[in-house]
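What follows is a group of structures, each given as C-alpha cells.
Note that subunit A is present in both complexes that follow, paired respectively with subunit B and with subunit C.
And now, the complex of A and B:
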C-alpha cells in the first residue's frame, strides 16, 4: 500500500517533470514483467528467441521514456515447456518478484496451468497458446492470446484442404486440449460446409511407433490427413506413413514443421507435406524493428520465429496500454486498454515511441505489430494472417495466403 | 486377418526394442539386487553418442555404434565404482534412489551441453515390403535381427561361459559365491559392462525408430520395468519374452480399446499376471529376495 501511496503523490511532480524534460521518471514504480518462456523442452526452438525479444522490446520502451513514466523491468524464467516447472516459476515470479504481468507462455498445457494463478492475483497473462478453455476462462479480460487459437487453426486447415481439392480428409491428433481442438474446429468447419471426415483418432505422446494408429486411419482411404501434434511425433508418423506406402497427403501446423522436420525426413519423405501457419507482417515497420533486435540478440533471422514476433508485440501493446491507462492504473484498467490501442479505427502506429507520441496528442491508435495486425477478437485472441507452405524438393516454400 | 497380423508385427517390433532395456534392468536386479533406474538415461547417452558420431563421420552408423558402446560401458562401470559399489551392503532403496539421481544427472548433462533439439539418425527411409497386405518395414527387419543377435549373445554369455556361471552364482548368493572363490568384484564389473552394452544398443534402436531427444530413455523406463517384472524379476529370458508379449498385447488390443487405453491395458495385463503368479511369468520365488 505504501508503494501505491508514493506513486500517486509523486504523480503530479512526475507529470510536471516529464513535460519539462524528457527525463526518466525517477521514483515511479517500475512495471514488472515475468518472461516465462519455453527456453528448454519441446518449445526450445522458440523460447530463447521469445525471451530475448521481450527483453529487447522492454529496452525499446524504456529508451522511449517508459510507459506512462513507468520503466519496464523484465524477470526471465524458463517454463521448460512443462506445466510443473512452469507453475513453480510462475509462483516465484508472482510471490517473490511481485510481477504485474507474465508474458510469453507458449504451450497450452503451461498457459492453462498458470492461468488460475494469474487470475487470482490480478496479473495480466499474454500467451501464444491455442486451447479454447484459455479463452472461455478469461472472464476479466486479463488474458491475451497472441497466437491464433484452435478456432482459427481449424478454419485455416479447412480452407487449405478445400482449396487443394481434397474430398476425403481424416484427422489425427496428439492427446492434448490444443491439438484435439485444432482438428475439432477443422471438423466443424469442414462438416458445416457439407464435407465428411472419413476417420478420426487421438494418439498418445512418446510412443516408439505409430504404425497401428496409421493402419487404422489409412484403412478409411483418406486423400488427406489433418495431423495435429508436435515435432517428435510428427516426425515419426510421417516417416512411418511413407514406409507403409501411404498415398494420402498430410497437412500439419507450422510449430511441428520447419527446417528440423525437413532435416529429419529428407526431401523424399517430406515432399508435398502441407504446412499451415500464421505469418508475420514482414513488410511492416514493426517487423523490421523486431527483426533487427532479434538478429542482434540471437544472430539469426527473426523470420523463423513467429513466436518471437508475438512476444515482442506483447511488450509493445502492453506498454501502449499502460501509457494510455496512465501511471496509476491497475492491471484491470490497463488490460481494458489493450484492445483500444491495437484494434482498427485508430491511427496506425508501428512502434512504441510513435504510439506514445500519438497518445500524447490525444489521438486514438491502432498498433500494427511485428507478428500481424494484432486485432483482438471478443475473446482476447489476436487474429493473424495464415499461409499455406509446403516442402518441395527439399525446400520449404510458401504457397499462398489463406483467407 | 491381415490387419491383426500387421498389428502383431508392429507390437513385436516395439517389444523387441524394449526387450533390451528390460534385459539390462533384469540383469542388474538379478546380480546387483536393485532395479537400476539409470538404465533409461544410459540408453539416451548411447543414442546421443551414436547419432553425433554418425554425423561427424559422414554417416557411419557402425562408427557411431562402437563409440556409443564404449561410452555407455564406461559410464555404466563408472556408476558402479563411484556409487553402487559403496551402497552394496545397504538396503535396496538406497541404490534405487541413487540410480534415479544418476538418471537425472546424465540427462541434465546431455541437455546442458546439447540442448533439447531432436537429432535423427541418417538411415535411408524405404517403403515396406508388401506380402498381399502384410507389411514388413525393412528397417524393422534389421532392428529385430540386431536385437535377436544381441539377446542371443547375452544368453550365450550368461549360460554357456564360465563368466556367466560366476554371475549366476553371485546372483544366487553373493556370500556363498565368495566363499567358493569367486571374485565378486570382477563379476560386478562384467555385469555393469554388459548392462552398458545392452543400453547402448537399445538406445540406438529406439533412436533409429523414433527421434533422439533427452527424454528418449526415461520415457521407456516404465514399459521396460513392466516387462522385467512381468517376466519375473531376475529372469533375463522372462524379461525379453514379457517385453514382446506386452508390445503385442498393446497393439492387438487397439481395435477394441482404442489408442489411448492400450497403454493402460498392458498394465492391466501386468497386474492380472502378478495376481496369479506373484513372481512373474518365469520368476522363481526363491530368487526374489
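And now, the complex of A and C:
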C-alpha cells in the first residue's frame, strides 16, 4: 500500500461501485416510498414490524391496481434509532433511490434530524414522533404524525385522573423529551381546570433504585402519581412504592405497561395501577387486514405493535391521497389530500380498494385506519381514541374510553 | 447520486478532523483519550447556541473550537498524574459528564429535546450547491489542519511529543517537561475535535445529547487504528475507510439475495463488525503504518 492511495481514490471507488448497483430499472410512474425504520437500536422492538407492515400495505395497494395507476415501490433502510446514521440513510434514499416519501421514522431525534432534508426536497414525511418542534416546522403540510402527540397524552391523563376522583396528583417523569412533555401537558390541562399539582420530579434513566425520589414525592402526600417513563424504571418504581407501603395510586402510559409489567410485578404489586393508552379499532376491518398481514410476516399478534398499525396506515392514507390527487400530482398536491381522505366528513372506508372504488364514484371518503380513526388536527397530528386500563387480580382489563 | 457522495465526503471530512485530533494525542504522544466526543460535543453545542442566538456562523465555529481547546486544560492538569489506562478511564468519564451536563442544563441546552433548526451556511444557494460549498469549506479546514499537523510533526515539538510516547523518563532526563507537552497536545487535539463538532452541528442541523455517546469516540479510534496511528495520511484514510464500510454496506441489499429488508439491517451491522475484526487480524498496524516505529 502506498501513500498515493488517498481518500479521493476511495471516493471514486464508492461512486463507481454505487452507480453500478444503484441504477435499477424503475418504471416511470412508480411512487417510491422510503421505509426508514428503527430496525436496530432502542426502537428495535417496533422497527421490524413497522417495516414489514409498510411492505405488506404497499403490496395490498399494488394488488388493487396501484394508486392512481402508480405502483408503490418500497425501499427499506435502517435508521438505527439514531440521528446521524438516519441522516445518511435518508440522504441515500432521497438522492440515490429518489424516493417521493419517507415513512415510519420513530423517535423524535431521528425525525427532527431528517425533517430539514425532506422539506428542502419536497418529500412527504410520515412519522410516529411527538416533539412539538416537528409540527411547528411543518409549514407546507408535507409532514404527518401518526402517533398522538404529548398534548393528547397529557389531556387523556388529566381526564382519567379527574374521572377517578383524585384531587392531589403528583408528577414523576423520566428525563427525556417525550416523557417530560407528556406530564407537562398533563399539568397544563389539570391546572387549567383549576387543579393543583402537589409535587413534581424528573428522574434519571437507568438507576437501580428510585427510593429517594419516591420518598420525596410521597412526602407531599399525593393521592395519585402521574408517572411517565418506560418499562424498566416503571417496574422499579412501582415495586419500591409497594415496599414503602405507599397509598397513592399510579397512572402510567401503555408503552410502559402491558403484559410485560404484570409479569415483572405479579398480581399484588400491579393491583389497581391505572394505565392510559390509545386504542386501535380492534373490531374494525382495517385492523383485521393489518393484523392478518402482521401475523403472516412476523408470526406474532399485531396488537403488540401499535406502531406497526400506524406504519400500515401511513401507506394506505398516502395511497388514497395519491389516488385522489391523480397520477400527475406532485407531493404538495398529494399531501394536501391526506386530510381530505381521512377526516370525518366523508363516507367511512376501511381499506385501499374500498376507498379507491368510492373515490372513483366521486364520493368523499374517510379512511378509518388500523391504528385509529386517523382524524388529523390542524398541525397534521392524528388524534387517536384513548382508554383507561387497569390491572385487577393479575388481569389486564380495559375500564372505559376517555373523552 | 452526487449529493449523497457529497454528504459522505462531508462526513469523512468531519470524522477526518476528529481523527486528526486523536492522532495527535494517541498517535504522536501516546495519550489514550477515550473521551474525545466530549470536545466534539462542546464544539457542536457552542457553535449551535451562538448561531441560534443570531451571531454569524463563523463566530460560532471559532468559539466552538476555542472553547473545546480551553476545556481540555483542566483535564490536562489531571492527566499529569495518570498513566495510560487510568487516563483512559478518566477521559471516558469526562465525556459522560459533559453529556450529562448537556442533558441537565436545560436553560442552556434544551436538555433532551436538543437544538433543532441550527442555521446552515450558504443557505442562499440551492441545496446541492450549498452542500458543495460546505464540502469545500470542510475540505479547506482539513487541508489547513493537515498542513499544520505536518509542520508540527516535523518541528522539534513533534519530535519531543513522540519521545514522550516512546520513553517519558528519557525526555525528563534531557531536561524537558513531559507534563507540559501532554497538556499542549491534549488541548490542540481537543480544538480539532471542537471544530469537527461545529461542522457537524451546522451540517446535520439538529443536535441532542444522545448524538454524543462514547460511540463517536470509538468511531474515531476505529478510523485511527484502521488508517494507522502516528501518520497524518493514516488518519484521513482511516476515516474514509470507516465511512466506506458504514455507508457502502447499505448497498449490500442490491447484491445479496434471499435476505429480507429487515434482516438486511442486522446483517449490515454484522458485516461492519466482521470487516473491522478481519482488518485487525490481518493489518493491525493500519493501512498506513508509522515508519518511525519498527
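The definition used in the following text is that the second predicted complex is superposed on the first by the 369 of 403 C-alpha atoms of A that agree within 3 Å, B and C clash if a C-alpha of one lies under 4 Å from a C-alpha of the other, contacts with A are read in each partner's own complex, and residues count from 1 in each chain.
Here is the rule we use: a residue touches a chain if its C-beta (ideal position, glycine included) is under 8 Å from a C-beta of that chain, and two chains touch if they have at least 3 such contacts.
Values in this document were obtained by computation on a predicted structure and should not be read as measured data.
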item: First (subunit B), second (subunit C), both or neither touched by A:92; value: second
item: Partner chain in contact with A:180 - subunit B first, subunit C second, else both or neither; value: second
item: Subunit B versus subunit C as contact partner of A:393, first or second or both or neither; value: neither
item: Subunit B versus subunit C as contact partner of A:219, first or second or both or neither; value: first
item: Residue contacts with subunit A in the superposition, subunit B compared against subunit C; value: C
item: Which superposed partner A:264 touches (first subunit B, second subunit C, both, neither); value: first
item: Partner chain(s) touched by A:40 [first = subunit B, second = subunit C, both, neither]; value: both
item: Footprint overlap on subunit A, comparing subunit B with subunit C; value: 40, 175
item: Subunit A contact footprint on subunit C (complex, rising order); value: 1-5, 7-9, 11-12, 16, 103, 111-114, 116-117, 127, 204-208, 210-211, 233, 236-237, 239-241, 244, 246-248, 250-251, 253-255, 260-262, 264-266, 268-269, 287-288
item: Partner subunit C, residues of subunit A touching it in the complex; value: 1, 3, 5-7, 10-11, 13-15, 17-19, 21-22, 24, 35, 39-40, 47-48, 51-52, 55, 74, 76-78, 80, 82-85, 87-89, 91-92, 94-96, 109, 112-113, 115-116, 120-121, 131, 133, 137, 175-177, 180
item: Of all residues in subunit B, those that touch subunit A in their complex; value: 3, 6-7, 10-11, 13-14, 17-18, 111, 115-118, 120, 125-128, 130, 135, 137, 139, 206, 209-211, 213, 215, 219-220, 251, 254-255, 258-260, 263
item: In the complex with subunit B, residue positions of subunit A that touch it; value: 40-42, 44-45, 175, 201-204, 206, 208-209, 211-213, 215-216, 219, 231-232, 235-236, 239-240, 242-245, 260, 263-266, 268-269
